[in-house]
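Heads up, the thing below is written out as structure tokens.
By letter and in written order, the chains are A, B, C and D; residue numbering begins at 1 in each of them.
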Amino acid sequence: MAIEARMWRELGLSDDEYQRVLDAIGREPTPTELAMFSVEWSEHCGYPRSRPLLALFPKEGKYAASTDASADAGGVEVRPGLTVLFKMESHNHPSQVEPFQGAATGVGGIIRDIFTMGARPIAVLDPLRFGELDEPLARYLFRGVVNGIAFYGNCLGVPTIGGELRFEEPYKGNCLVNVMAVGVVETDKIARSRAVGEGNPVIVVGNSTGRDGIGGASILASHEFGEDEEKRPTVQIGDPFTEKCLIEACLEALASGAVVGLKDMGAAGLTCTTCEMSAAGGHGMDVDLQKVPRREPGMEPWEIMMSESQERMLLVAEKGREEAVLGIFRKWGLNAVIVGKVTGDGILRVRDNGQVVAELEAKALADPPVYHLPTEEPAYYAEVQSADLSKVLQPNDMGEVLRNVLASPNIASAAWVYHQYDHMVQTNTVVAPGGDAAVLQLKGYTEGIAVTTDGNGRYCYLDPYVGAQLVLAEATRNLVCVGAEPAGVTDCLNFGNPEKPDRFWQFKRCVAGLADACKHFELPVVSGNVSFYNETLDTAVYPTPVLGVVGVLEDVRLHCTIGFKQAGDVVLLLGDTYEDLGGSEYLKRIHGLVTGKPPALDLDRERAVQGVCLAAVREGLAASAHDCSDGGLAVALAECCIGGQIGASITLPADPDGVRLDARLFGESPSRIVLSASPENADRIQQMAAKRGVPVHLLGEVGGDTLTIEAEDGVRISESVAGMDAIWRGAIPSLMSE
Amino acid sequence: MATATKMRFGIVIFPGSNCETDTWHALNDQMGAPVDYIWHGETDLSGYDCVILPGGFSYGDYLRTGAVARFSPVMGAVMEFADKGGLVLGICNGFQIMLEAGMLPGAMMRNVCQTLVCKYVHLRVETTDGPYTRAMSKGQVLRIPIAHGEGNYYADEAALADLKRNDQIVFRFSTAEGEITPEANPNGSLENIAGICNRERNVLGLMPHPERCSDPILGSADGRLVWESLLQAV
Amino acid sequence: MAKARVTITLKKTIMDAQGQTVEKALHNLGYEGVGNLRIGKYIEMELNGAPATELPAQVDEMCRRLLANPIIEDFHVEIEE
Amino acid sequence: MAKARVTITLKKTIMDAQGQTVEKALHNLGYEGVGNLRIGKYIEMELNGAPATELPAQVDEMCRRLLANPIIEDFHVEIEE
């Protein structure tokens, strides 16, 4: 078949890229080869547009990091010899089309990235973003996504221990479904995704291969065969039972020592695994597609090479020990078929029906072009930066404002979601979802880990550089509140069309902000994922970098939760409050405004505040700790009361700079943490803060069944804990029952 | 820690089981009891005093929970073992498999709320007659996690009357104060039933997960009472 | 080759919570005339090998042994040559 | 009052993991002739109010809007007066 321009264009290759293909191989590609280049060089696999910027992320920190670029996930060594691997990925587009299956297969894909490296998956987190929840479409997508994650994750027996929920207009046409997975492995047993050893058998394991997710390739077929689109579903269907067996079989096979390399088939399935394992190992492969178990007759070679059928892996075994490996998969009821062998010549050779349908240097495929795209400050930016928020009128009834903000689905309890997820299986969950971060024990060790995910598209829209830094600040602050020292970061960067200079400007500024903040915090970015083109009809999502951060507890027993514990305990606030209304939930919910500058962030101050909190929890001084973020101080205090089912009497710190009352209550100044402690311990925390130069304010006392907040001019908020609890807990269920 | 015991536990692994290591950890690390895993293809259960069918999603729970697993080779042996008086405990999916296999009366339906529910609940001990609850007291309230999508227990009138007549209802979902109310029922199960035993009392199935609250750091250690009861049985 | 179609429904005496939820959702979408909605399973399969006369009994047996749970479900089999 | 019976199945090209698992279980039980088993949903409902001629279109619409996801599922409606 002759290659025509419309074929490579339909497959997503530009004319220049096609010329590069010709230059790289010195002849016209076969249809199968063209398909392979198109997927390997796509943004999805090859990161041609984002790679130069991602290089800014630091790779090292206090905890030894494994950040091998050819690996599926990265991690940090949380104690000598023990590595926690983690990665986050997006499944945005599939979820918008088919929320249940889109989200389910998203969980399946990211879990494979973890066990493909030999790690036992121990946790899933799911930061989610949809349009406003009073719209039926948003509710439909939200319900479908949550049910899909529950369906898949629960069946696997991997607890879903955290995530995020945000509902904002810009996500209406493009929901964001990001999923993070965490696994644990002995450092010296981390498995490699590479093909080495001439003659070693190459084995396809797991589900059969069908025509899933190969929409783009239809151009190759329709050209010759005129087959209808109907036959080519782009939605993949998840099979968690097979995945569960695959986890067990792969870990068992790796433990047998007979596996040389293993890689999961995610995007671009066989193309990606054969080519990347070959390139990583400096070898080639010779595979016969006729041997690949398939679920449909008449599949073309490019369809098999591009199929994104789920729950499949490619494995290279040690020659002579293949029977043992095949036996393990058979025992788990899984397909395992030798499809070819490793070669020494660095060539990826693909046969079908006795014909060579692709013959390429693996390196050429695995080396996509790099683009340096233009940027331009977006039109809205100057306007939001110069917005004058002093004109915003302050409401009279701050109690009513508090109730209203607590009922916002961005603030309200997410229990409706996480009670649908098995978050306790594996019996490691020491702090369950609902707190600042989840805490897991590592059985057999004193140490534990804490995990959180955070994002704030609104801040990043208003100022991508500062916004991205605020996200890292909040995520790390969440970790110190439970008593964990931040150790490593993964990210999922969700943006609009990078070919639009204003969108790419957002991307570039976010990456720069994040890279600088990670360096400041001495945190490695160990893995990540980029999702572009989250836009429809010219409306892009907010620029939304979502971070997953893992922290280490020296002693997992010394952890802390957000709820106030005991009447008579003293309530303290670490950090100062400024007039930070820009981008706040209060401004949006009460005044309908998304504008202003996001809060200013002083990275040194942030680290100092976090240091005091971490020390207070690690020394067992704090009875509770909760970071002040979305919704501000009033919401943080309400959550401390609800968490502990006990009230508190609070007096706002006297304010020398004349910060307005609404900002003192609902402004979102970062670098603040609410602590409670016995009077003696509170003294010690105050001394500790003073010694480190961290501002600390005495707010009041725990007790009673009401939260009262008093300012200079009297009591401004007095709300019963039961009433706040009902509003906060009931908001999402009541919206979802509509 | 419990002292050494002669009681030997076997935990069956079906494809799709996912609470077997948790149960192993509770029994072995927390209680100091000897435990083995039993692959679902096995048919020899000699040497065990108590066989546990653990939680999870055997065969993905495709079709109906427990429907496929109950035909595993091991199940014939498990039923024979039970007939001879061996102790068989089914937790969550294990309970569902027992119902499908007819080892206990009734059937399991989808939770009335239509979703999986994972949370701590309260459980009232309805009887202390039998090997699984003898370390508890009647009316005692346990705090224990559940995590299931199909725990809505159903039995027809005759079967229910039978269960009552023979004191086979072992646990009911209750409030913290031990009241049996509709609000305390997380899944819609008949009369708040959370666990039942057979007439001979050697077979118990329950939806909650005692293995998830056997280690105090996880928020409750009430699950240990089940293990302590069993260990007393020897 | 013959084909079997099996429908499996909860017994009429058993409340169908899922069906009720869906019925309510349909009412909310404006289909107020919908009533008594019940959700069950539909299974189709090909049958090879066995003589046609034995098929009804065979599929019936499959239903009683595996496909349906007779305590809570009714089933209905149709066979097509 | 009319009655509608709806069957909803995964599109033929989409793998039905549940169906495959059940098919394998039937093979293990000795029903080796079973092939291509697929599991879907069966919904029955009563329809009141609307004129009989409008019912097919109405149920079809319900399927497309709520009961099925046309991207991955096919549905089939039967109406009985």
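Heads up, the rule we're going with is that a residue touches a chain if its C-beta (ideal position, glycine included) is under 8 Å from a C-beta of that chain, and two chains touch if they have at least 3 such contacts.
Treat the numbers as computed from the prediction; the structure is a model and nothing was measured.
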B-D or A-B, whichever has more C-beta pairs in contact: A-B
Whole-Å separation of chain centres (CA-atom averages), subunit C against subunit D: 10
Centre-of-Cα separation between subunit D and subunit A, whole angstrom: 36
Touching two or more other chains - residue numbers and ranges from subunit D: 17, 21-22, 25, 29, 39
Junction residues of subunit B, two or more chains touched: 59-60, 62-63, 68, 71
Residue numbers of subunit A (touch at least two other chains): 239, 241-242, 333
Pairs of chains, among all present, that meet the touch criterion: A-B, A-D, B-C, B-D, C-D
Subunit C residues within the subunit B interface of the complex: 10, 14, 17-18, 21, 41, 66-67, 69, 71-72
Subunit A contact footprint on subunit B (complex, rising order): 15-16, 18-19, 21-22, 25-26, 29, 55-57, 59-62, 115-119, 145, 147, 149, 209, 211-212, 214-215, 217-219
Subunit D-facing residues of subunit B, complex: 59-60, 62-63, 68, 71
In the complex, subunit B residues that touch subunit C: 63-64, 67-68, 71, 100, 106-107, 109-114, 152, 154-156, 188
Residue numbers on subunit D that touch subunit B, as the complex places them: 17-18, 21-22, 25, 28-29, 39
